[in-house]
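Chain nomenclature is as follows: A, B, C and D, assigned in order of appearance, with residue numbering initiated at 1 for each chain independently.
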Amino acid sequence: MFRPTIFRCVGLVAKPGDARVAATLGVLIDLLTRFGIEVRLDAHCIALLEGGGSASRATLVGDDCDLVIAVGGDGTLLRAAHLISSYDVRLLGVNMGQLGFLADIAPEEVEERLAAILRGDFVEEKRLILRAVLMRGGQPVERRDAINDVVIHKWGTARLITLDTYVDDDFVHSQRSDGIIVSTPTGSTAYALSCGGPIVHPALDALVIVPLCPHSLSNRPIVVGGDSRIEIEVKTPEPDQARLTCDGEIGEVVRPGDRVLIENGQGRVRLVHPAGHDHFAALRAKLQWG
Amino acid sequence: MFRPTIFRCVGLVAKPGDARVAATLGVLIDLLTRFGIEVRLDAHCIALLEGGGSASRATLVGDDCDLVIAVGGDGTLLRAAHLISSYDVRLLGVNMGQLGFLADIAPEEVEERLAAILRGDFVEEKRLILRAVLMRGGQPVERRDAINDVVIHKWGTARLITLDTYVDDDFVHSQRSDGIIVSTPTGSTAYALSCGGPIVHPALDALVIVPLCPHSLSNRPIVVGGDSRIEIEVKTPEPDQARLTCDGEIGEVVRPGDRVLIENGQGRVRLVHPAGHDHFAALRAKLQWG
Amino acid sequence: MFRPTIFRCVGLVAKPGDARVAATLGVLIDLLTRFGIEVRLDAHCIALLEGGGSASRATLVGDDCDLVIAVGGDGTLLRAAHLISSYDVRLLGVNMGQLGFLADIAPEEVEERLAAILRGDFVEEKRLILRAVLMRGGQPVERRDAINDVVIHKWGTARLITLDTYVDDDFVHSQRSDGIIVSTPTGSTAYALSCGGPIVHPALDALVIVPLCPHSLSNRPIVVGGDSRIEIEVKTPEPDQARLTCDGEIGEVVRPGDRVLIENGQGRVRLVHPAGHDHFAALRAKLQWG
Amino acid sequence: MFRPTIFRCVGLVAKPGDARVAATLGVLIDLLTRFGIEVRLDAHCIALLEGGGSASRATLVGDDCDLVIAVGGDGTLLRAAHLISSYDVRLLGVNMGQLGFLADIAPEEVEERLAAILRGDFVEEKRLILRAVLMRGGQPVERRDAINDVVIHKWGTARLITLDTYVDDDFVHSQRSDGIIVSTPTGSTAYALSCGGPIVHPALDALVIVPLCPHSLSNRPIVVGGDSRIEIEVKTPEPDQARLTCDGEIGEVVRPGDRVLIENGQGRVRLVHPAGHDHFAALRAKLQWG
């Protein structure tokens, strides 16, 4: 029996330049069309499909969709999440390579899984989005969002940088290090994990402050509430020795005296998983436990 | 101008066998008496003060008090917290040795600080209390509380033990290690920190699961919500190779097939600090940051 | 063309109670007999083979052999190495389970590999053997050898123990912890690795001192020369709170004031590998690098 | 009784721009002059002393000296060591700030300590010097020395870089990370320690390979022999994403396909300490053990 879908318009976002993605896009578009769902494609999808298919060629994915599917890997899903962060749209990931933490549908199971999801058989997780504001002389000079992490990293120098950290206006520490990561639970299994941070369950409303190779051996990751307001003052002696990056995208040069304010933004990523999704199963598979 | 106190009856709990504690107890009793507050003493206080003072000799501290003061160190405060865990009583710590995370009044400032607190000038923090239940054959065989941590540790063996961990009935991992710690935010700066766990802010409602020297190098600390129900199944081949300890107190032998259920108990520690208390200042001092 | 062997008498040491070991022992005995080599069996081999084969039933393996083959895993090889540590005998390991660091021949390749080795086509590595002497009141009360590690571990207590460490009579530190490991390069990929120690190449004449969950966060693994004389004084307040273990075998109770002297013993393990043996390949496979 | 000195000509190397250094230089020059020792000054000394003193104004420090004294900190001593690395000259450090690992004479004890040293009452340690050669298309394009460490670090990018490591032509691993450190024992208490490396005793002829925030959690520091030939191939997809730095001095851009050869150079630093020097005492003081 054919149960109807709860979705009306689905956007597709693709990893560029991957031939296998094109095949999976074809499968997705067929299925969505069979369900009578309108399909929107981003520029990478269009480039991959070149001249193929009945999908409308709208390049604006997000504003009109009620679901966006990212086809690629965790990086593609992260990009899609940024695209739609100001809309209230659900997001689903199909993973072309090794299993991801975010994109957890494999290409070979995409038809079966997606059909179930389209009929409403899924779980939804809300993931918080950080907002980083670079302040210079009391004025905001840059605003960026991060789903994984905000990093202030030494840049173009082999010397340590000095960062003063405050949480809700309380001074935490003045730290000489390679930098500092402020990570969401989502980001806790990404770069922060490589730098010694703990794994934070995505359902926990928390942030982790992880020092990068700190000079003081007793500087350790600190977990604070998700509604904390974190402020980091850059004390490098020279300009151009530090950078702000959000989800790995390089931002503005951070100058001595600049302050980076990091807090929970308004938006949330509405991440869709197949029913029965198990976060710990993903951890076991990715981290090769057991 | 003498402002009256908001407290009516204060209990004193002492670290045994420390002569300096007796002197501080004397100062405390004088001050409390001047405020017209009834004073209760635990057995260690009485032993230290032997024959001295006008304090009533009630050895039952807690049920009738509206404040308990622990004089000693973090260990004494922890013991006092266990004593009063079933009453709704505030708790304050005077530290005779090196600054503690919990007992944060130094003996030389005790008069000034305590006078302010008695007048109501303080901040109060609620710290969660874990309840660990050892299940054998489906029956509870032991119940214990923990303010810092619940630890299942290999015992009397040099071999690793195998522990299966579940969070809210989801399987997390099967881990070969020296043991596992389930820590509150309070305990995150105690044993868990030595074992590689993160620092968790006490205001965050969270628990940390920290592996003890795990065989798999990708086993890492996991932070979950404070209302999680953690279940650990002991898979040692031999009996008598593991023990349950709560706040460092040795509990029951844990046998193969036993399950330890760990979750947030009903009670809370109502920890009192001088007004202006700064958790990060305590971290900086104790961990010698900067 | 049949090249003759360079070995005259080979001893076999088996992991007890593993049916697959018996099959491999049969293959080994056949091959050794074809080469005209005398075969000695340990008690576990005899138990496994019960009533089968032409091998002489000498239970003393080692004194008369010029090669000993351990069939089981790294644990079996370690036990064999202890058996023959006072003889100048080569040692080879066949691994029945997952690849080992020491026992690196798989059962399915045993005929081919062993035939080559018997003809002299192998590499030999010398691995150092530690000698631990427990001193009480200036007198030695126990002597033990260790190929992997000497561990002083808290025992039957949840409290930290205090250990004072000296290297060549220079005071290193007084450390509160769960214990301390002194590891050979061989042991650096065993328990010491789980406790945060570095990987030490087996060709390097060095020892690693690894603290077990030290209270001070700046206590870190220390690598010293292989001819260092390490002395550890146990400062536990109570008797029966610490134990000495060597290669996981539980030794004497260590009492307050006891000193454990650890240094390079006389003997060496003469570990045989197939020609072309690659230590880093074993690391990659075991630690799942890449 | 005035014992004569064993030194004939002493060079002074100073930290620039530090007024306290000038005062200490004055004390040193007086003392050296009283001993009848010829004094050579580097440019920074001359700038600090401007117009003062009877010292010969040779700016070439090293080739004619039999002792060089670095006045500043570990950084100044490192710079002096590079200056004289091709001469066979002893090196002594006076530390103006916090105690250093290398420069271990405090200004207030400089007269007493130096007088004893000048009379021959000292210990000498040899510290190895690494030579890093950047190979491009089989040709060396840069040669640099390192007393602490050779680092290949991602540069101007937030993405991980891929590095293939070989030891004595054996493939070790292909690692995605922020970079890699090859450290001497001297450098093991510098940057490598912040990145999770072990402390290596300076008397041990060894090198440590320390991964920088590696993506694979089982990538760990590896200790190899001091005469190992380490080769690191850079596999970044883009040019200009990695740099070679030696002792914190920024070197050449490292391009995809470049190989960095790192091995023990010819020279040695001949580090002079007051008699009775204790390496572990320096560790205890710097790392605040106990």
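Simple rule for what comes next: a contact is a pair of C-beta atoms (placed from the backbone, for glycine too) under 8 Å apart; a residue touches a chain by one contact, two chains touch by 3 or more.
Predicted model only: the values in this text are computed from it and were never measured.
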Strictly by the touch rule at the top, which chains does chain A share as contacts with chain B? C, D
Ranking A-C and B-C by C-beta pairs in contact puts on top B-C
Distance-wise, how many Å sit between the C-alpha centres of chain B and chain C, to the nearest whole number? 41
CA centre of chain C versus CA centre of chain D: separation in Å? 37
If you average the CA atoms of chain A and of chain C, how far apart do the two points sit, in angstrom? 46
Where chain A touches two or more other chains at once, the residues are 193, 217-218, 220, 287-288
For the chain B and chain D complex, residues of the former touching the latter: 217-218, 220, 288
Which residues, counting only chain C, touch chain B once they are in their complex? 151, 153, 155-159, 177-178, 191, 193-196, 212-215, 217, 243, 245, 248-250, 287
Residue ranges of chain B touching chain A (in the complex, touch as defined): 167, 170-175, 188, 193, 197-201, 203-204, 206, 208, 216, 218-225, 228, 278-281, 283-284, 287-290
